[in-house]
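Notes follow the structure.
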Amino acid sequence: MTEVLSTHGLVARYGDFQALYDVDVEVHEGEAVALIGANGAGKSTFLRAILGLLPVKPEMVHLDGKPIGGTPTDRMVQKGVAIVPEGRRLFTGMSVSDNLRVAIDQTSRLGRKGGWTLKRLYQLFPILEEKAKTPVQSLSGGQQQMVSIGRALLCQPRLLLCDEISLGLAPRVIREIYTALPEIRAHGTSIVVVEQDVGLAKSASDRLYCMLEGRVTLTGRSEEITREQIGEAYFGGGHAVV
Amino acid sequence: MHGQQDNIPRESLLQARNVSKSFGAFRVLYDVGFDVYRGEILGILGPNGAGKTTLFNMISGDIKPSGGEIRLGDVQLKGEPPHRRCQMGIGRTYQIPQPYSGMTTFENLLVASAFGGGRSEAESYDYCAQVLRDCELIEKANMLAGSLTLLDRKRLELARALASSPKLLLLDEIAGGLTDEESKDLVKLIAQIRDRGVTIVWIEHVLNALMAVADRLLVLNFGEKIAEGEPKTVIADPEVMRVYMGIEA
Amino acid sequence: MQWFDALIQGILLGGMYAQYALGMALMFGVMRIVNVSHGDLVILLSLIGISLASSFGLGPFAVMAALVPLAVALGWILQRAVLNRVVGEDPLPSLIATFGLSLALQNLMLQIWSANSRSLPGGGIESRSIEIGGIYIGLLPVIVLLVATGLTLGLDLVLKRMRFGRALRAASADVEAAAMTGINPRSVYAMATAIAVGILGFAAVFQSLRSTVAPSDGGAQLIYAFEAVIIGGMGSVWGAFAGSMVLGIAQAIGFRIDPGFGVLSGHIVFLLVLALRPQGLFGRA
Amino acid sequence: MTSISTTVDQATPPVVNVRRQTLSGVIALSLFALIIVALATMAWWAKTGTIRMVLELCCYIVAAQMWNMLAGYAGLVSVGQQAFIGVTGYAVFVLAQTFGVNPFLAIPLALVVPAIVAIPCYLLLHRLDGPYFAIGTWVVAEVFRLVASNLGWVNAGAGMSLGVMRDYSGFERNVAMSILCALMILVAIGGSYWFLRSRYGLALIAMRDNPVAASSQGVNVRRLRFMIYVAAAVGCGFAGAVYFMAQLRINPPSAFDPMWSNVAIFIVMIGGIGTIEGVVIGALIYFVADRFFGEYGASYFVVLGVMTVLVALYARTGIWGMISKYWDAPWFPIRRHLMVEKEDRS
């Protein structure tokens, strides 16, 4: 399998504070990779570093084998990396369709081709079509998450980064959203999911990485990794999960 | 367990009644009520986004509840600004450390001691040096807080909250990322703080640390209280297991 | 009758202020920047226009045709060279940078054009007026008001309907999320400032037609624009438009009470709004 | 946290030492004292022209330091401090000229005026966000100017003269001006230094770094900001009172001249915002530039403006910021350095 994204000794800092230490992660084509770990482990920081929201050296991040670390976020999106950010980050004051149109505008401006259309998206999340004219701030949390996913898909990504998309959602809604992931992969899109919920992360991924304190402490095939291994990697040595 | 005996009448230090919070259409906390008893350590568990930090923000006065009331002893906290609440004895740490980055570690503590704790400057010097020793920060007393590592920033959060001499100490995820050894020491320190008469509410993901020292646990999910009580009982609750790590019991 | 006349004149005056305020509202809405040199840019453009008119014998509308593209370019350069480096959470750098720019511009103009007041010859349109029911309405102020209304309408349409407008609104809601959608914030900002300063190209022509301009006048224009935005309530271009009307009316009525009281009464209405309705008359609470 | 010390319950903790002063600070403080003495005795060693020039510089330093306290510490960026400069100037003229108060007594009396005027101003303006606050302060200054231009009993636009000063000889006036200069610098620089060293200084810097955390640590952030605003108004008022007394004339455009803000901002930004050292350095640069290039008028101000832009773009911490990166020798040290002794416990 060819690598879509890989990081090599990725280091990131906020001012004087180092948040990531030598992180090596790779994502192959068509693969779903999960990133788990406690709060503050560096998962979101990792995504931000890839997306050019933190200063990193070019050779630390490779896309299709080419060094691209530190490329501005909008250029990363143009190269086919889209994100469903933590907290959804929708454009408040704008309607559902306008939120989605922003992404369509940009891909058409740049002439990026891809399989995602508004119609197809509405098939995936029918509720969004119903709410097309509604301002996003009056949607429920789950519907907002769908808009956020939709906005990322309309960027026609080859690699989709999902940052805690289950956060604060009801289990039923989480299931609904996670069932969309295989459909997205069917388009040939590789996925990185950042999750706190280990069960969800395991079931939605082929491989997983566990992070602790800015370092990768465990990696392997999702179905092979045991709960005890995760517990140890999740909280640091010696702790068992419940 | 250093838990309170059930036959001793428990005096409630903090009472939350029907506390709710919404941001626009987004409901973060719904009708949450609980007591914190004098001298106990209450642990709060819950997945991200359950509303734990929002609860702290409302107790410390950083945000206003949309409904319900919070009392400290006999005092209704409504309308009291954060600095007054600190002076009344509520000390807190922030989940994301918030140091005064242009000041030294020592000076960070002095602010809390002089304004929150109401000490004179001379008294503060001795007191803060002591707190720095307790929290293993004395070697870094004269370093700028902005250049501390994450671990030391977390220590600083705790030390600074202690410097304001709280009656009620709110700890927001201070154990995340500690090694096993370190987290054991932290548990010991927190127990000592409690034994000195400080009541503690501790939000934590590191379950073992919490289990080792909490007298009671409270579990939040989706802004609602789903369990409260004796730690062993709470943690055995199938609903709690499912919510906490997505593990079906 | 006298007061009704003051009301009409106030609305017409408001048309002038709206042309200053639109750009300021746009820039603040998108970048949370207040450009202190906003007024000085109007004056700079006016003086360039006057020089163009006198050197090449251009009429006011020819001057406008030359000035607006120049203003757009100026705005774009301003954003690229200066403002993009100071946009951010902390308001101090942008404030200081534009403050310094204002100081430099004012004195540069003083050097080039001297302290004298000048005006743009309008070929008579500045003095023509129509009489309706005993009230004389100047032709030029009516044109100013119409242009201001057109600009507001146009800007509103751009924001609501066009690709660029959506990008602008997205960036103003959450600039990082906008970048995550493929928008280049720096180019969007540059376009926003280009539009904001471009509008000043219209304002400059009208300002120098209806009265005189001198290098030190910029501060007053900045303050009027600022007051209009605050009175109207931040957040929408129509808020800025309405705020300009209120400011114009307040000044016109104040002027009727006592000529020394005109500008002051505008300030007083501003302070009253600040005291009683800080979110602005038409702003959301 | 490897070894929780047993000293938690120890009854008598070891007494700690805190170092507040440094060698560089002692030297600077001695120099400062010398300068104050030199200023106070100017009448006996300097010419009238020099005294006037120094007086002007002192007024700028005071205005700059007040702006520094506002923008550099309290986060209140004002471009309208001339409101208080002018109001106090007028107050002196009215007291001395209209009511016949001794002009030297009128200065301290007049300082009550900016203190009172600042209160409603702040209550109105603090609702405005960062950049809007700045322009709001400018509007207030404009209101003052326009009111003064329309007010009959301050002689409206024509302004006032301080005729009563003619009762004093030139030497007497020089003595007064020298002492006032010394007093101004003592109050503005010495006073700021004293304040920043005090416990309130701790709170102020904490608030600047992180207002949310400061308020959860017991600092009354709103009151502190308010206090700084009023104090800065009085400080600027002092400068205004002295400046216009020396000028002997006041009128609305000069009293409420935005130039005051220009100069204050230039001095602080060039020198280094948020430090007293920066104000001193900035003021000296301004003074030298003004002496040598002031005659070029407009083009001189173009250069000042461009330099301000450049500082905002590339050197936010100003000259002192760059110096102190390499040379840790503050002139006005405010740190509390904990002297940690090696604990000789077994």
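Note that the chains are named A, B, C and D in the order they appear, and that numbering of residues resets to 1 at the start of each chain.
In this section, a residue touches a chain if its C-beta (ideal position, glycine included) is under 8 Å from a C-beta of that chain, and two chains touch if they have at least 3 such contacts.
Computed from a predicted structure; not experimentally measured.
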item	value
Shortest contact path, chain B to chain D, counted in steps	1
Identity of the chain that, by mean CA position, is farthest from chain C	B
Chain B and chain C: spacing of chain centres that average the CA atoms, whole Å	51
Centre-of-Cα separation between chain B and chain A, whole angstrom	31
Chain A and chain C, separation of their C-alpha mean positions in angstrom	43
Residues within chain A bordering two or more other chains	none
Contact graph of the chains (line, ring, star, complete, other)	ring
All pairs of touching chains, each written as two labels joined by a dash	A-B, A-C, B-D, C-D
Complex contacts: residues of chain C adjacent to chain D	28, 32-34, 36, 82, 85-86, 91-97, 99-108, 110-111, 219, 222-223, 226-227, 230, 258, 260-261, 263-264, 267-268, 270-271, 274-275, 278
Chain B-facing residues of chain A, complex	15-19, 38-41, 137-141, 164, 167-168, 170, 196-200, 212-213, 227, 235-242
Partner chain A, residues of chain B touching it in the complex	24-26, 47-50, 95-96, 101, 146-150, 153, 173, 176-180, 183, 205-208, 222, 235, 241, 244-248
Complex contact set, residues of chain C against chain A	163, 166-167, 169-170, 173-174, 176-185
Residues of chain A that touch chain C when the two form their complex	51, 53, 72-75, 77-78, 82-83, 85, 89-94, 98-99, 101-103, 105-107, 109-110, 151-152, 155
